[in-house]
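Structure in structure tokens, see below.
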Amino acid sequence: MSIVLGPNQYGKAEVRLVRVDRDTPRHRITDLSITSQLRGDFRATHESGDNTGVIATDTQKNTMYAFARDGVGSPETFLLRLARHFLAEPQVTGGRWRAEQYGWERIGPGADGGAAGGGADAAGHDHSFVRGAAERRTALVHADDAGLTVLAGLRDVTVLKSTGSEFSGFPRDRYTTLPETDDRVLATDVTAWWRYAPSFADAAGPADFDERFAAVRALLLTTFAELHSLALQQTAFAMGRAVLEAFGDIAEIRLSCPNNHHFLVDLEPFGLDNPGEVFFAADRPYGLIEAAVQRSEGGPDNPEHPVWSTIGGFV
Amino acid sequence: MSIVLGPNQYGKAEVRLVRVDRDTPRHRITDLSITSQLRGDFRATHESGDNTGVIATDTQKNTMYAFARDGVGSPETFLLRLARHFLAEPQVTGGRWRAEQYGWERIGPGADGGAAGGGADAAGHDHSFVRGAAERRTALVHADDAGLTVLAGLRDVTVLKSTGSEFSGFPRDRYTTLPETDDRVLATDVTAWWRYAPSFADAAGPADFDERFAAVRALLLTTFAELHSLALQQTAFAMGRAVLEAFGDIAEIRLSCPNNHHFLVDLEPFGLDNPGEVFFAADRPYGLIEAAVQRSEGGPDNPEHPVWSTIGGFV
Amino acid sequence: MSIVLGPNQYGKAEVRLVRVDRDTPRHRITDLSITSQLRGDFRATHESGDNTGVIATDTQKNTMYAFARDGVGSPETFLLRLARHFLAEPQVTGGRWRAEQYGWERIGPGADGGAAGGGADAAGHDHSFVRGAAERRTALVHADDAGLTVLAGLRDVTVLKSTGSEFSGFPRDRYTTLPETDDRVLATDVTAWWRYAPSFADAAGPADFDERFAAVRALLLTTFAELHSLALQQTAFAMGRAVLEAFGDIAEIRLSCPNNHHFLVDLEPFGLDNPGEVFFAADRPYGLIEAAVQRSEGGPDNPEHPVWSTIGGFV
Amino acid sequence: MSIVLGPNQYGKAEVRLVRVDRDTPRHRITDLSITSQLRGDFRATHESGDNTGVIATDTQKNTMYAFARDGVGSPETFLLRLARHFLAEPQVTGGRWRAEQYGWERIGPGADGGAAGGGADAAGHDHSFVRGAAERRTALVHADDAGLTVLAGLRDVTVLKSTGSEFSGFPRDRYTTLPETDDRVLATDVTAWWRYAPSFADAAGPADFDERFAAVRALLLTTFAELHSLALQQTAFAMGRAVLEAFGDIAEIRLSCPNNHHFLVDLEPFGLDNPGEVFFAADRPYGLIEAAVQRSEGGPDNPEHPVWSTIGGFV
């Protein structure tokens, strides 16, 4: 028995790339943080510091900037281009390319600038923008022997229902003190990843990926808003199911939803009632609900798609 | 000579208060982080741990929650109510109450939920919301022997111009390497505080403060968007001047604007030009431009209003 | 084909638990952030909001605090106790319990308080402490049908070599501009997880886990310090190998090491040389080196231990 | 009446400078984040974008790096050198230079590396280091018409007493629910700034500033540890007084101390007592205690030193 190198990957992380499309006076900006990680035959550098095959992480960064000269398109198509470029090197047998996109809106002609919306790309200033919500759009391309897999997602879409949420019927043991409730605030920061079926991923262009992202995001929000919730688990599953029902070429979706507790403040000591109006929003601890929604042929009895083991990285 | 207590203040910081107005099925939410700090005769606790006069910070927190039972109104009016309450105690001779407000938008009926806007409060879901931009609205009430002063502001309004910004004509010394440019990306996170004249602060109700905030925010954004910028200093000053010109009852305004550098990437090594299209967005270091805009009677030759020395706290 | 629930887990995250051991006047403190996540038969709550089997996340939190009344021991033993408790419920078939521990040192009798060390637990104040380095000790217990697995680790151990690091011999393509160097600053924030063989995990008590943690940490640091580095990959692999060589009951170890770039500042424009003395420490982007070190019987050709797919969670 | 420019300053913020002293094989590293801000006659750039007098923030950054070629010395002496350099320009009439220093310790020869200490600079590796506590040392030089003022300080020195702290005797009103306690956990993150008398600041060299910093830090910690606390206000004041008593050439000191609440968990529902052993460490809200300690000739009836109004910046 000896000590050997196991799975490994390396690359450049969080490359901040801002692309200005300025072919007309009406500029467009694409604001990304991109991470490139390569897998393959890199034993020599680990075992002896022989870097013969190590495409420098600096080179990976340069490649992103050089490719951006041709335009970014959608995050998914840009990552696919990077993936194919690096996979052309013989020592590279796989990898993982990931992007987070920050949203910008045109500063509007009306009184409320960007944050209150307008949003309509038809209006607003030609080359002045205001940052939108803290949420980010995400994309990931994973490559292994089986080929390329494309994920899309979003992070930290913070949503809240001020009613229409219950939580009751749970078991009570020696350590249970939580009262049942038929009306609570439900709040979470939705993070989701969905995996495109190859039929979609192979054929889609930038506009397809953009449009699909917007449609999935809207569906997630609408489902959160409209479902009367008996548990955050129910809400999360319903959000995922709605996406799979609407889009046959999305193979599966995973959601991670912290339960951002809003505790009703006890105002009785002050001689006041509190009919669901005054809340303390806690930071920690928080509930954490995580679930995959799948199609039955890829369900619990089937092996997990390998892309998921790489989502969290090694740590 | 002896060692004595100098200026001091104490209180409860970052109380997270969420108020749901639910008198009709169309809920409204107000999401605040509030800090209360009292000044006055607190020598005994400092010198000997005698807490006879020390209104517990826990009590300050409770007071916020109890008052919220009556509704919050605008952040400014809520802070004024807190200030007047605590100033009624004889040992309290001054203080500082501050709020940050997080924005929420109704989840929309259309495809783009909240982040892309709609915003129009007329549309959207009755009790389901999505968090808006990362920026926060701020408010501060300061009390001293001279009375109450009201500031309003905003934080981290991130804006960017993809053209319409130059920087040249600066002096060149031994340590100057920066090239002059007649076209650069200009990006900043606007933080601003403006001081209301007593004439406004004393008479305004919640709707007045809300409306004024929205109008100032829009004017700051519009000015940023429309000015052809020769320096971030010029832009910041113009933004402040526009506000003072538009609103005679705003006494002065201060702006703090980091220069979020976007460096044009040198693509020449790759045989490519880069006509203002591919940028590296740097985190640190950043420029930092800070300026007060005042009316001439309160200008450089006049003493600074005491509220400003408390803005940054002691540290 | 239908839409079904895939892998899922839920629980309470980042429960901040501080335990003071005060059986003698010489107190000891254990400062933890703990996350408990359960897996099992939770289809009903996802599909219909039936919470009959859902042990409330609030109950999971309460259980931690109640168990802490008996003492915490080491993070690993505390998590094992939690795991066994929840696994006794029939609907719970697996789970994941994780802790981060913050370090505290006694405020010392000497001039340099705690941060400069002393550290020796024999010295220092009985009940006054100062927070140590930003790094955290971590532990994780994973349960599935195959039983319990114990990982230990550390996060954000920031280390730097001011010489003794090279990087050269890497391939040069169209996008390569990085010069080779035979003397650079090498800096990283080490995050590592190692998996204990069942032989150790099943028999170890709190003192064994504590002692082993300290020994692994020291070995990682010493190896980083002493190896003349030709690549961060080589350093990371050597650190892991040293651990496996020293401890036969550690089955494998994974390291994630950002390359915190320190760029030599070009002082030539100012008429100065820079013989490895003045550096700009960059925030982003950074290199990212990740590797598993294994024993040959668990090597690349063998299936991955299932614990690793849960390390990053779903997202 | 017209609209005019009020107080203003500009510069480069958070320049990350790492200096390696390598004249012998036993290297030393100085790790700083430096901010330079100039004040003076900068009306033209604000009013019309005329940058004739604007020393570019990029030039300010370059100057730091160039000066570092000669060595850094202590943060205070380095900032003084920067201040004097920029003040030599006629349009610069004042400014503010600030540094934060990160601590590093040599990786030790023993089993416990750096975090557990050793610390002794006599031991440990020649050129391999581990980052120390999260706390930072700070320094600030302020220049105005009255000359140069030097502050030194520290940030986020997190300390905790597991006993020896009470809080009682405070007034009870309608909104008071906090019980009195004669034994609680007291925890805070100490931030302090002290102002050196010109007699010290003008004569001190790097070693003097370093030694003084270490002595003040130790005294703050020791006082926190040894005082039986009746209120955090009492503790903070005692810490400051101890410094002024020990060092006649420190003119005044300001402390900002959040009260990091540790709430005793109620275990009664689980049939358990909790004799000061199991705590929930809360994030927000927190108490916030801020106080200046002064000498009587500079006490409450005397005007505040102008440096303090610049500590928090404009916002």
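Going by the order they are written in, the chains are A, B, C and D; count residues from 1 in each one.
Simple rule for what comes next: a contact is a pair of C-beta atoms (placed from the backbone, for glycine too) under 8 Å apart; a residue touches a chain by one contact, two chains touch by 3 or more.
These numbers come from a predicted model, not from an experiment.
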More contacts between chains, C-D or A-C: A-C
Distance-maximising chain from chain C - centres being C-alpha averages: B
Centre-of-Cα separation between chain C and chain B, whole angstrom: 38
Centre distance in Å when chain C and chain D are each reduced to the mean of their C-alpha atoms: 30
Whole-Å separation of chain centres (CA-atom averages), chain A against chain C: 24
Where chain D touches two or more other chains, by residue: 16, 62, 66, 175, 177, 269-270, 283-284
Residue numbers on chain B that touch chain D, as the complex places them: 1-16, 33, 35, 37, 42, 45-59, 61-63, 66, 153, 155, 166-171, 173, 175-178, 191-193, 229-231, 233-234, 236-237, 241, 244-245, 252, 254-256, 258-259, 284-300, 304, 308-309, 311-315
Chain C-touching residues of chain B, taken from the complex the two chains share: 174-175, 177, 269-271, 283-284
Residues of chain D defined as touching chain C within the complex: 16-22, 27, 29, 31, 62, 65-66, 68-69, 103-105, 107-108, 110-120, 125, 127-135, 157-164, 185, 214-215, 217-218, 221-222, 224-226, 262, 265, 267, 269-270, 272-283
